[in-house]
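Common to both upcoming complexes is subunit A, partnered first by subunit B, then by subunit C.
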Partner chain A sequence: MKMAEKLQQLGERVPKRQQSLPKTLQDGSRIAVIGAGPAGSMFSYFVINMAEAMGLDVAVEMFEPRHFCHRGPAGCNHCGGIVSESLVQRLATEGIMLPDDVVQRGIESYTLHMDVGDVEIATPLMEKRIAAVYRGNGPRNSEPLDTCSFDRYLLELAQQKGATVVHRLVTDVHREDDHMCVHCADQYSQNYDLVVLATGVNSRLMETLESQTQEFQRPGRTKTFICEFLLGRKVIRETFGPSMHVFLLDIPRLEFAALIPKGDYVTLCLLGDDINDELMERFFNSPEVRNCFPGGTIPAQACHCYPRINIKAARPAYGDRLVFIGDSGATRLFKDGIGAAYRTAKAAAKTVVFHGVSAENFKAHYAPLCRAINNDNQMGKVVFGFGSLVQKSRFARRGILRMTANEQNQSDRPKRMSGVLWDLFSGSAPYTDVFLRTLHPAYLGSLFWNLLAGNLPAGMIRNGHGRSEERNHVEH
Partner chain B sequence: MANLGKQYQNGEVIVRQGDAGKCMFVIQNGEVEAVAERNGREFRLRKMGPNDFFGEMALFEHETRTATVRALCPTHVLTIDKKNFLGGIHEDPSLAFRIVQTMSHRIRDLTDRLAKYEEDSQQN
Partner chain C sequence: MSSTKSSAASPVKQAFQIYAQQAEKLPPCQAQCANSGDIRGWLGIIAQHEKVGLTLDEAYDKAWEKLTELNPLPATIGRICPHPCEDRCARRDKDGAVSVNALERFLGDWAISRSLPLPLAKMSSGQEAESIGVIGSGPASLSFAYQMARRGYPVTMYEKHHLPGGMLRHAIPDYRLPREILDAEIERLLNLRISLVRNVEIGHDIVFDELRDRHSLLFLGLGAQAASELGIPGEKGPGVISGIAYLRQRKQRIALQTGKTVAVVGGGNTAIDAARSARREGAQVLLLYRRSEEQMPAVAQEVEDAKTEGVRFRFLVSPTRIVRDGDAIRHIELQKMQLGEADEQGRRRPIPVIGQTQKLPVDMVIVAVSQAPDWHGIEPMHDGYRWLRTEDDGKLEDNIWAGGDDRGPGIASKAIAQGRLAAEAAHAELRGEPHPGELPARKAVRAGAVKSDYYRDQQRGCRERRPEGEWLSQPELEIDRTISSEQARQEAARCMSCGLCFDCQQCFMYCNAGGFARIAEPGPGNYFTLELDVCEGCSKCIEVCPCGYLEARDSSV
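This part shows the complex of A and B:
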């Protein structure tokens, strides 16, 4: 069966009739956006913007039970809250500026912690282009913030453009004749010309949709962990600074671990293959983690959650009058999920305004982006595979530490390893780009030399590349 | 609360006329002025504030900066680098829409000013 026909079946409860309504947006067309996280809000913003430019008057309703102004997990779309360098720049180019009260901290550098030592990698332009934000209104039991959550800010942008918010939980979406029907938990039910699913991966609705049709596969997911530590602004400034702290530790199944400073709190994010208690215990007991906190003691967790993360795209991510965006469609593996939400939201908005809402339209104009993201994720798996090898090899870690530290200490030196690590941690570049850069002969040559030099006994290496010159890092 | 971008103090030059450029800038907060220097004299071209951008020509051409831009008060400015911008345009050409729109406003403004200048010089 063709992809285009698969979602046709989604919850069909009445016999199919001759399709009569046009499959392009018209004046007065109604669009339901299910979920107003970054994907849903940005879709609503762009679709209204583009429709306006085309002289079309469409009605956009965003279904979202959350208000994003409560503290704790109930008010937040659980995430590390890093808005990547590439997304900050793209939003600024679009004219969407992240206001000061949305940005909890501007990130200037990454500090890589390994058992062989730590090294700080400064932003290439010495400028704060990565934003640490809250997705809700801060951790549970925190003081009410005088700042604004990222999701709330985007939601308000969409509202200002003219989208309306329906604070209801959607329990079912199905096709009736040639329109889509949306049902809510409180029996509210409405028909739409297009339904945009932006529910993320932590929603029961995706489960319902999967059970209704054999061909639709909701995104693959795995469990992650996030928690917040209350340390106070002063301590955070002194111990963490404007740096995101990432860990490369020999802990199986742990792909990425980061401490992200924000206001009075530090957010910890653990990503990998089904993060569980045993893995967390090993992480918290490692000296590299303990040493990051004042007195080497891990403080009590002010707030925590175990959200799931998308590790495999939904299939198919579209049908007639139906499209899945953000985490519920396709996203980047472990990195820049908000950036992928923006990209898929905008691609879907362009498709519906300039081409139409049929499965063929989505296949021609939306699916290529999802494919590009998925293909890049395959390369991401290779890159994370190398990361796992490095995690297991102290020999490799020494070489990487040495190469990075030397690059950071000498401003005129090409920053090959620093650039690779920067883009990998920040999610600023596609995995394919990162991978190709590691094949450059100069990168390989320098890595080879540093692997040798970093593992020879101290004193055997002449100046210029010697350990004595590495001031930007601490060796353990 | 925190700012993104790099901070410039009152009077500090952000880009200098004649320098090579590889990026454009978006003002996060504060105010800047763009001035053109001719024969040792400065002419103010325009003032700009939050969300305005400048230096965009460097993204499309290999020419040097056509004006000097300096901060008029403590100002945060975000750099948009060529690689990110062109990569973005390649995936999504509509990313350039706002820039094209603003450049079009600026051409219109310059045309008006030129017409007025011609008119004034003919009257004198």
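This part shows the complex of A and C:
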């Protein structure tokens, strides 16, 4: 069907006026992809694949001045590095198989820590496990391991497809008549038929473009915190297990906090509204966090950064011969940024190959995805809003802990709360799905019962008991 | 001194913050340069000219000005310097060191072709009263005279020969340094307030003490013109000549009889120059050196070129006797040597292999083993040692300074450095200013701080040379050619700017906190300010900075 569309377009295209260049890809069209993170690399991969299928030969140049083989922040794209199983599967259907040396650790469960106790949520049947990866080449000063950066893996994949990597820093992109001009820090400049912006929100390029063109509004950002603790594989296996540890603490503005085991390191990820010193202080001082570490003390940090995340999509995320993908365009709130990079990259590639590179083409075929992501994020805000309410209410926390623990202990029960939490933590399902499930009468009924039962004195006995014992054991 | 923001940070957080600061470092090229040349500085003007709003021509002019602040003879030094600066170039192991020497030569020729004047000193009052006398006109004297003249002193230079230039004039063959180039650079220098008195030999035409009375301050740039002898039987007589004398006669185009088969004794640059010059006279040349090839002090490239020209080498031999047939030389007797224990400098000493000698039929011997100052006429300053013994800055006694080969042998760059440092110190003394002292110690660029994989691969510009076939057929024509303006631009752009910002913009682009701001009117090496209070201490900028300019602030401060 796509082929039919394409042929029809080709028929339309030929007799048009010759003056201005057609706003569709031609043989020999040049595409500049700015930024070779997952969005940029996956776009390059898809666009070459799709163009090939259409018999088009396009030149794709990925601008990326950094090397993902550097350790520490210089070679890293700053994120918690969680790839959900659903995304792993989806990538596999695209021919992108994450090799073992990219996956630092398969995560098999979540452990939810609250002041009222903790509970481990095992992986639901349909979703086997999630992958923890390093975006760069591991923490600063880390030992060279037989591991590979996730971003580097995708970049090499795009290179194998035929994309070229240009190690130059792009400082300016502007439109000139029928093409886009890309300018670099070393005075290099070149014209392209299409520019795909995939710099993310941790580069200043979006800001420069916004102030120069007034054509669009760059994404809204907030500050987060990510750091690495070096504990060694053995300690991590004993203390954290193959589990991602999530905290639901009564700290204002903290929306999500997780410890993710990766090889010799544990990654800490704090998301919320402008993570600052005071918030971090409270987090590190809370007993729930301290108790996760051997000896109850927070170890020295090997590497850390304060990446910004996209909390509001760019508007619009496209123009003539210009499209923003991944974090530069629209992404999911707090979670599954790599999944959103995949979806936007693929939608943008489809649009440019099968429809064209004009603003109208993007509006018709790319914008709907961005809108869907934005709408789901609105729902996400509601869900996280509930989360904040729970954080503030000990009463609610007890109920949730009880309900989850009971679900986990009895394998035959439907796991309504566990499922909701799992999807919320992993970002595997759209926020709208999560929200709708919480409206299910059975969920509400069960929650109501557990709120009551969990807040009766006797209800507390069972909860969290096993794990604290286990931890004491480790401390010896 | 940490910011208000960081002092309020949690103790947990405080422990791992790595705040950044901008700090210029000493680049390896400058650390290696005998004259501490600000190579990165003048390369940066060319490489970054578009960023600071200069045309390429303006950039070459400005780069030349910066270069000549320390070295008034770039076209000359750009031809003859063994360029130790290139040995430690951070680019060396990537795709070849930046061709600093070729660029210096280019700028020198650029200035000659455009008749650019030498820059006057920035802080000079323009007119000083003290009269300065300079004995000799070699590189050390020229450098001293230049630095004094550009600070406003009237300088008189006394030269024994008719033409100025010292060893540059007399010992370096035309095929390495055309006399027109040297003439042009010296003439430009003399256009400052320097009067040259030619054909004046101290102790013969004028006595030393008279010069002392005539000038407020004297500089001795005597050079090392007295050639050492081998001290073997048969050495005295026709057919044996010192390397330096041979080169001088050839340069002065004095008709000289070069033999058919010439033995050159020695392993330094003078020996190589003499051997190659003798080849140009059509002789079969055999160079004899008592140690092995690796230990030769001559510049490796010169040795290569000598081989190309057909100079044959025999290592580990030492002449013991020159056997004559009447006046004519019949043969030279050689003692075979082997390498023994290392001496104080770590060089293995050659020791004779008893019983192994041989005869080599030759009809001329050029002896180029070593040189020393000629003290004739300068006896009051000679304390019996081989070299002048001065303070580090070249001060010998009140109002007498010295520099160049009279303080010990060295490359021309070193002589220029000694002349300059002496002038800086002498000027300070005359003006009652504090001694300029050593350059403020700057941290060297930390190993590994320059991330060579950031820089795009670009092969070292290949040297422009005349075809080998022409070397001997046109014996006086220079072998190397000056690179073109375009080649110079490309080669300068290869500089990695170790330890100084070159506007790669990575810190500016990637700082999450937006701590870097563009400077409104940038200059080479100066593009961004860093707002210390904004810094979040993640150290990303330090790690992405390819040149090692950004570093961690000492948190204990």
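One rule holds for everything that comes next: the second predicted complex is superposed on the first by the 435 of 476 C-alpha atoms of A that agree within 3 Å, B and C clash if a C-alpha of one lies under 4 Å from a C-alpha of the other, contacts with A are read in each partner's own complex, and residues count from 1 in each chain.
Keep this in mind: a residue touches a chain if its C-beta (ideal position, glycine included) is under 8 Å from a C-beta of that chain, and two chains touch if they have at least 3 such contacts.
This structure is a prediction, so every number in the text was calculated from the model and none was measured.
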Open item on the list: Taking the superposition on A as described, I'd like to know which of subunit B and subunit C A:R343 touches: first, second, both or neither.
Closed with: first
Open item on the list: Output check: A:M280 vs subunit B and subunit C. Expected answer is one of first, second, both, neither. What do you get?
Closed with: second
Open item on the list: Per the contact definition in the header, classify A:D101: touching subunit B only (first), subunit C only (second), both, or neither.
Closed with: first
- [ ] Considering only touches as defined above, state whether A:A59 meets subunit B (first), subunit C (second), both or neither.
- [x] neither
- [ ] Determine, under the contact definition given at the top, whether A:R204 touches first (subunit B), second (subunit C), both, or neither.
- [x] second
Task: subunit A-touching residues of subunit B, taken from the complex the two chains share - done: 1-6, 26, 28-29, 50-51, 53, 78-81, 84-85, 88, 91-92, 94-95, 98-99
Open item on the list: Help me check something: in the complex, which residues belonging to subunit C touch subunit A?
Closed with: 5, 8-10, 12-13, 15-16, 50-51, 451, 453-454, 456, 503-506, 508-514, 536, 538-540, 543-544
TODO: Note which residues of subunit A are touching subunit C in the complex, please.
DONE: 65-67, 70, 72-74, 140, 167-169, 171, 185-187, 202-205, 223, 227, 277-278, 280-281, 284-285, 298, 300-301, 304-308
Task: subunit A to subunit B touching residues, read off their complex - done: 50, 85-86, 88-90, 92-95, 97-98, 100-101, 103-106, 125-129, 131-132, 146-147, 343, 346-347, 350, 369, 372, 428
